[in-house]
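Across the two complexes that follow, subunit A remains constant while its partner is subunit B and subsequently subunit C.
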Partner chain A sequence: MRNLHPAISFSYFAFVILITVVFMHPVTLCISLISALLYAIYLNGIKSLRLTLLVLVPMMLLAAIINPLFNHLGNTVLITVGSLQITLESTLYGLSTAGMLAAVILWFSCYNKIMTSDKFTYLFGKIIPSVSLIISMTLRFIPRYLSQMKKITYAQQAIGRDLNSGHLIDRIRSGGDILSIMVTWALENGVDTADSMRSRGYGLKGRSSYSLYKLDSRDKLLAAFSLYLAIMVIVGIALRLISISYFPWITLNPFSIPALLIYLAFLLLCLFPLLLDGFEELKWRSSRSRI
Partner chain B sequence: MDASTKTRLPLKTIVAIIVIVLCIPLILGLGVLLPGEGGIYAISAIVIVLVMLPFMLAFEGRRPQARELVLITVMIALAVAGRAAFFMVPQFKPMVALVIIAGVALGAESGFVTGSLSAFISNFIFGQGPWTPWQMFALGLIGFLAGLIFSKGRLPVKRLPLCLFGGLSALLIYGLFMDTSSVLLMTNLLSGQSAVAIYLAGLPFNAVHAVATVLFLAFLAPFMIEKLERVRSKYGLLGNQ
Partner chain C sequence: MALFTLKDLSFTYPQQPKQALSAVYMVVEKGEFVVLCGRSGCGKSTLLRHLKTVLTPHGKHQGEILFDNRPLAQVDLREQSSRIGFVLQSPENQIVTDKVWHELAFGLESLGCDTATIRLRVAEMASFFGIQEWYHKDVNELSGGQKQLLNLAAVMVMQPDVLVLDEPTAQLDPIAAAEFLNQLKKINDETGTTIIIAEQRLEVVLPLADKVVVLADGKVLAQGDVSAISTRLNVTKSPMLKAFPAAARVFLAMEDQTDDACTAGSPKGEHFNREYRGDARFNCDSSIATCPITIREGRDWLMRELAATQSQPSSDQLAQPQMLSTLPPAPPSPVHAENPSDASTVVAGAKEVWFRYERKGADILRGLSLEIHQSELFCLLGGNGTGKSTTLGVLAGLLKPYRGKVWLEKQASSANTLAATDDLLQNKLAAFTSAESTAARGGLCLLPQDSQTIFTEKTIRDDLLTMFTNPKSDISLARADSIAELLEIDTLLDRHPFDVSVGEQQRAALAKVLLREPQILLLDEPTKGLDAAFKEQLAAILEKLKARGVSILMVSHDIEFCAAYADRCAMLFDGDVVSQSATRQFFVGNSFYTTAANRLSRGLVENVVTAEDIIKHLSTLNERQSKSGFPSSSNKLSGTSSVRARS
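Right, the complex of A and B next:
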């Protein structure tokens, strides 16, 4: 997935996330959630998953609680507390929303790992060149500012304005001085950068940009395959072969062979990155052991 | 310096902007026709992106000069670095303050670009998510309004009005947009009651954010605006025509 052409990975994530958000079918949500979870574990490891869960679990709980509490659509009343009616439909709807949230956030954590900023600027550099340039320059400026900040701090220390000693007021004052020096430097340095860009012909006609990515035949094959799966899913939803409605009562599509095929297509689509990466890893391992 | 002459937008850009604006009701109509429940979040996110596109295209269409680009970049980098510096303290973020300063000093259009791109780029570090378009639009709008309100001398660029605007925009614009995004994402339905519940739950966070913005503006605004003015007059950038 990492070596795939950025256009393909971007459209892949866009499609899977969109289907997950729009189509709150229990089967597709489960497929999406489990695949996203597996792929996130594969990409980021268990440890960072714990961090994600720290944000995720409260959000899911809130979604699971807020829906039945404030949404009284649905015909099957479970409990009546005073004037508050909690319905089965909105409870299940709340659970689905919680699952949808989890899946979306996990997919985004995979997206963040795969679609790095350089791929984004490559992809949109032609359509929005100035904005892409700003993005890549900003990402260069930040580490530069941090190292300059260190230099300024040391220089200030050398003339006796230490951040770590003296009165609190003195410290705050020297912190403010460092910030002020930093901002002046950043602005002047920015103008220098701009002049240097101008003198190298920025904005003139006929300038090209370097790009690392090429759409090769492997990319095309994989794109065609995943596009085929995606179209199958869309057609299935459009023809109501798989459908879900929560209110006023829950109606699910009946089980049928075409529905099963569409679930399978969606499963394959969601597991696509994991299968691809797993296959590549296997190939790499087997070729390595032969040497 | 030719950086100060505003070039007119090319026809291609104007056509693109009109098409995008016409697409918005189409998407909303599609949302109503969509089968079953759900989908409101996706529709709203798409509409927000469509609303932002004309701003970006207008910015691209007039082919900004290198110096203008770099000044915006410096402000964005400072905002992103500021968010990173305070990431341990929840909601205590200097982003809104820096975006307002950029809007005041560089004008409404640059303010929008600074705001929306600060949100977008800082999410490369903190993670993109379903909240990204909302964050981008809220911050962009704040920068844009700051430019509109302060740059033509409608309000004096002084500490008190700046802080007032900053606090209100963190509380009402940023807070309201982010809470609306949570409501739509968590319920995926249009429901007034759950919206009120989430707005109330978000109020303390938004209040902290507003206080942080006021403090940062009180501390940063006077000297940063002065510095930006100095650089502008020293190098003759972005004239006040």
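Right, the complex of A and C next:
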């Protein structure tokens, strides 16, 4: 997945996340959530997941609880507390929302791991070249400015002016001092950068955008395969082979062979990155063992 | 074929009465390696910037610049972008993008090349420069030397006919600088790319040069091959000579002496006169005995010279020096050498200090111990990554060692502090002392490598005044003025700290630090990017501070500076001091990590640290020879230095 062409990775994540958000079918949600969880574990390891869960679980609970409290649609009343009617439909809807949120967050954590900044820059550079350069320059200069700020603070400490201590007002003032000198510094050094850019022909007409990525045959094959699965899912939804409606009462599509096929297609699509990476790892290991 | 022809080029910056360049005439042939030298502010950058239209400063221009026999202004910008490559001083500022590969592609993207072309050219350059290993890296992860190589490569991908470089190694350490310059030589040799470079490191760059152009005050002082240039500068007694390689300096000084000593009838003197005194003003393309530039040439010359003074006048002048009967005693081993300043009091030190930045990281300091003595200049030398800056951080208390002790004598005699010796303010001192906080006073201050990080205000005066609790009082103003005078920045007080030259910037930063009245001053690479004249000025200031009782510890790569001015030197390696002794012993004891003059004379003349030592030695030899009329024996030579044959 990492060395897949950025356009494919990006469209893949976009599609899966879109389906997860828009189509809140319990089966597809479960598929999406479990696949996202597995892939996130694969990419980030169990440890980092603990942190994610720390945020995820309370958020899920909140979504699951708040929805039935404020949403009174639905015909099946479970409990009545005073004037408050809690319905089965809104409770289930809340749970689905919670699952959806969790899945989306997990997918995004995978997305971040796969779609590094340069891939993103490349993709959008294709569309607007100047934007790609601006992003790249920003990524260059933010760490630079931060390190210069650190250096200034360090230097001031070294001559006995501790900018992190003293009254709040003192600190605000010294923070302002640093900020103002940073602006001067940035402008001063920016002149050099501008010279370097102009000297290398920046501003000439017809700028092109170079990237490291090539669309190879493997990319095309995998793209075709996942596109096929995606079309199956879309057709299934469009033909209402799988469908869900929560209000006024829950109506789920009846179980059928075509529906099962579509679930399978979605499952395959969601597990696609994991299968791909797993397959490549296996291949790598076996090729190594042969050496 | 001339690539660049500058005819009577003059230039004046707006609202400046003086011309920055006046009537510069210069021809650069295709494939030439041209070195442009001169003091800071002599117009080197201004001249170089005239070689590319987009970089040419605004102002009043006169004269003509021809590029490939066409006026430069008529060469269209697209052609200039690719054919004239420009590398500036700061490795950091020139990099535009966040990834190495993107930076390499930047120029070609501007020209609108397609992906396949860019891929090929970038691949070629990355291989030529050995960049493959860091091709995918973030530029932030690169070292200064790597960054500058990247800048060079990023220009080279456009396949320029000429590379113009404006002090490209000023911010680099000696090893990275040498690597960079050798890379230039490789480009010049293997692709025939013309190179025009302004440079301070003449030791390294002069041997590479086909032609040298010396600028002074916007005028061409001399141009020609290295040997001719050095002789010509010698005749005019140009201060530029101080920056020349040790071999050339010794040669020229001796040339001078023979010239003075010889009567008008002496063949050497006559030749000298004819060639250099009456000749053309600018171009001096021939020379008599070729002036040695490299250490090797210098050694050859020195051997001949010594042989000449030792052998019988009638015998072969080029004979090897005879084996002398008594070899001089070997210099005492620096490790066991006794410190001459042992008697003086120790004001601060570190004992078996261990330090690392991250819990699981590698140790940067590994049992470091050192002592700083009262009123001395103590230099800590060492390569990159040996922990020099970390040592300063630990001594300054900014970094906390996890083992070992850093200590500071609390009662370092306060009678010697700056303010106390300041006659002007003697009477106001009492009030001043009580008003000031005692936090860092009488203590220890660190001047970081990048002086720009010291300033926080809009003018140097305001900046100095921020060091006082009561900046508006007369005492504060008077103190700021007196310190400015001490550091020779009193005329710059109303300028913005970023608008003055590197050397001035550094002195302003030093002034600010000194307002803390530190007993101990820590300097991080203070000679970086300074030209020979600024270095001398810095040395004079350090001398003044020492006289006022300040102890100075500086870390540096600059061997020559330390050899000339330090009291004690130490070498840092692998987080610990491996050798520590008085300057002379230190450099005489080392064989590689030592001055050019020492390497020049190793095995030929003992106990040499600076070029002046060799000059002194040779002139005593000459004197003896001319007095006695026949060869001096070894017994007579046992003066400050002695001679032995090269085995």
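We adopt the following convention: the second predicted complex is superposed on the first by the 262 of 291 C-alpha atoms of A that agree within 3 Å, B and C clash if a C-alpha of one lies under 4 Å from a C-alpha of the other, contacts with A are read in each partner's own complex, and residues count from 1 in each chain.
Everything that follows uses one rule, which is that a residue touches a chain if its C-beta (ideal position, glycine included) is under 8 Å from a C-beta of that chain, and two chains touch if they have at least 3 such contacts.
What you see is a predicted model, and the numbers here were worked out from it, not measured in a lab.
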After lining up the shared chain so the two structures overlap, which partner does A:Ser209 touch, if you call subunit B first and subunit C second: first, second, both or neither?
second
Which partner chains sit in contact with A:Gly201 here, subunit B, subunit C, both or neither? Use first/second/both/neither.
second
Touching A:Asn75, do we find subunit B (first), subunit C (second), both, or neither?
neither
After superposition on the shared chain, which partner residues are touched by A:Leu133: those of subunit B (first), subunit C (second), both, or neither?
both
Does the superposition put A:Gln157 against subunit B (first), subunit C (second), both, or neither?
second
Of subunit C and subunit B, partner touching more subunit A residues
B
Considering only touches as defined above, state whether A:Asn3 meets subunit B (first), subunit C (second), both or neither.
neither
I'd like to know which partner A:Gln148 touches here: subunit B for first, subunit C for second, both or neither.
second
Does the superposition put A:Ser256 against subunit B (first), subunit C (second), both, or neither?
neither
Regarding the shared-chain residue A:Trp185, is it in contact with subunit B (first), subunit C (second), both, or neither?
second
Those residues of subunit A which subunit B touches in one complex and subunit C touches in the other:
117, 133, 137, 139, 180, 184, 188, 190, 193, 195, 197-198, 202-203
Under the touch definition given earlier, write down the residues of subunit A that touch subunit C in their complex.
117-118, 133, 136-137, 139-140, 143-144, 147-148, 151-152, 154-161, 177-178, 180-181, 184-185, 188-190, 192-193, 195-212
Which residues, counting only subunit C, touch subunit A once they are in their complex?
52, 54-55, 77-78, 81-82, 85-86, 88, 90, 92-99, 101-102, 105-115, 118-119, 122, 139-140, 151, 154-155, 158, 396, 398, 439-440, 443, 445-448, 450, 452-458, 466-467, 496, 498, 512-513, 516, 522
Contact set on subunit B toward subunit A in their complex
34-39, 41-42, 56-57, 59-60, 63-67, 69-74, 76-78, 80-81, 84, 113, 117, 120-121, 124, 127-130, 185-189, 191, 193-194, 197-198, 201, 219, 223-224, 227-228, 231, 235, 237
Going by the contact rule at the top, pick out the subunit A residues touching subunit B in the complex.
17-18, 21-24, 59, 62-63, 66-67, 69-71, 93, 97, 100-101, 104-105, 108-109, 111-112, 116-117, 128-131, 133-135, 137-139, 141-142, 145-146, 176, 180, 183-184, 186-188, 190-191, 193-195, 197-198, 202-203, 237, 240, 243-247
